[in-house]
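Could you have a look at this structure, given as structure tokens, before my questions?
Lettered A, B and C in written order, each chain numbered from 1.
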Amino acid sequence: MNELPPVVLGPVVLWADLAGIFVSALGGALLAVRHKLDVFGVFVLAIVTGLAGGMARDMLIGATPVAALANPLYLPSALAAATVVFFGHRLIERASQPVMLFDAMALGFFAVAGARKALTYGIDPLPAVLLGVLTAVGGGALRDVLLAEVPRVLKVGELYALAAMLGAAVVVVGDALGLPSAPVGIVGALATFALRMVSVRFGVTAPRAPGSE
Amino acid sequence: MNELPPVVLGPVVLWADLAGIFVSALGGALLAVRHKLDVFGVFVLAIVTGLAGGMARDMLIGATPVAALANPLYLPSALAAATVVFFGHRLIERASQPVMLFDAMALGFFAVAGARKALTYGIDPLPAVLLGVLTAVGGGALRDVLLAEVPRVLKVGELYALAAMLGAAVVVVGDALGLPSAPVGIVGALATFALRMVSVRFGVTAPRAPGSE
Amino acid sequence: MNELPPVVLGPVVLWADLAGIFVSALGGALLAVRHKLDVFGVFVLAIVTGLAGGMARDMLIGATPVAALANPLYLPSALAAATVVFFGHRLIERASQPVMLFDAMALGFFAVAGARKALTYGIDPLPAVLLGVLTAVGGGALRDVLLAEVPRVLKVGELYALAAMLGAAVVVVGDALGLPSAPVGIVGALATFALRMVSVRFGVTAPRAPGSE
């Protein structure tokens, strides 16, 4: 019921969203192929992984119709990724851990897009970080739930939520300092990606509650 | 943040929604009885299966309060179906595969209602088809997730998403051609139902990604 | 698309929400510790359990940005509970069945907050009860789904949905009778808590469909 002036989204949200949708849909479609789903399963998982996090974000802040439905580029980005994977998965699988790689890239893009869009809609810094994290982990979490797996975000020994939090925090702090949003967004996405990759490669883990080991 | 004129929904959305709610709630309640849930489990699954898809649709396009809460007939339709099943499940189970049958009917009604409501809210044709599919498969998918099962929409060898897509596409194409919405809606719902039934009866399957067999 | 006057929420929704968030986040964080999740898992489950039900409620009625993002106390309440549990779980676990206890308290607070907020937004009595139940069971259900468990609300022999329904119904009936909302809210929350505790302690169960035993 807030009285909002017309919201002007800068280019950071759009491009970070589109990049996040494409790479996360690649990851979702690859997982579908590995699970031997048919062509519709591949497209459903690509769409879910690519669009669900941003859909949740937009519904929560009241940016409706959500961008995934209102923007003519969002759905095609997910469909393009699914098509690439459907025909090219054997090539892509030659990369080392491609699903993890795509997920890490998407995590950065979405954390930045989510936090930036939250700030644009007048959300405070702390919940803006939460919304960045939710945008980043939401699509992958729903994908994992649909596959009846425990989502990555709850798995021990993977700095997944922390990595998303870092990128979103970069955006929020950069905004508070009045820095230009495009370079700040790039730094945020890179920070998330780097922390996530370092965590996976070197097995960095977060502590458990004292006494729960 | 779109400036929308007051939205006037024709009768197609209302009647397709109500029919979809009733038959999908029948299916959800039957599954609950089969899982030996108690009376509240039966009502919860009927409500989830009947209302969740349309709730997601309405939240995504910003049609809030969602029809499931704002329209006085939606919730009673789901409750009526749950009551019928609670007392009459032994009779209904004599039908051949009643859950599948009710799901197939609901798939058609909801695909039409979802696509039509999306168009009414100014959504473009391609995302309108997506919204029709989401409305159609959402309730059943959430039901399956709550029962810790992989949703039907991801199961191989069932033209479930494609059937919903067909009905939604009929609505979108009919709208583009300026055809009257009621007969187009009936054709769309029938097309979805027919494709789904043919797929189940004759074991029609969709292809997997090349090289993933 | 309803033309709503500026909505004035009384103190009942705020305080019931905050109390519900804190105790349900305690329960969610405790479950995370028991599942040996790391510090981020503990915070994620606390946030999900504490905030998801109210987020769903607010999205469904169009109260966006949702209170969990717009109100400066909501997210900190969940974070505080997670912190308390992270460092103090060994103390808390000495209580008898603390997760069940916190869940029962949260069930009452959220049922009242959900039903009251629904009425304030002009929702009819019957769907207002549904929204109270959804607010009450939503966070815990999502938490259970993320942990790949069947949600409590579907488990046989636990008057979980009925207890939430009772508290929400007290609010709706009290409102219809023109009674003051604060004492009615307290009675509603207590009624839910009491019925839930009695059900657990004495093994009260709901009937199954005739012939499904």
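As a working rule, a residue touches a chain if its C-beta (ideal position, glycine included) is under 8 Å from a C-beta of that chain, and two chains touch if they have at least 3 such contacts.
The chain lineup, named per UniProt: A, B, C = Trimeric intracellular cation channel family protein.
Predicted model only: the values in this text are computed from it and were never measured.
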Checklist entry - If you list every residue number at the chain A and chain C contact, are more than half found on both copies (same) or fewer than half (different)? => result different
Checklist outcome for this item: Here chain B maps onto chain C under a C-alpha rotation whose angle in degrees, rounded to the nearest 5, is 120
Item to check | Interchain centroid distance [CA atoms averaged], chain A/chain C, Å | outcome: 28
Next on the checklist: Two-or-more-chain contact residues of chain A, please, as numbers and ranges.
Outcome noted: 59, 62, 64, 145, 148
Checklist entry - Considering the complex alone, what residue numbers of chain B touch chain A? => result 1-2, 59-62, 64, 118, 121-124, 126-127, 130-131, 141, 145, 148-151, 153-157, 159-162, 205-213
Checklist outcome for this item: So, in the complex, the side of chain C touching chain A is made of residues 4, 6-7, 32-45, 47, 55, 59, 62-66, 68-70, 72, 74-76, 85-87, 89-90, 145-148
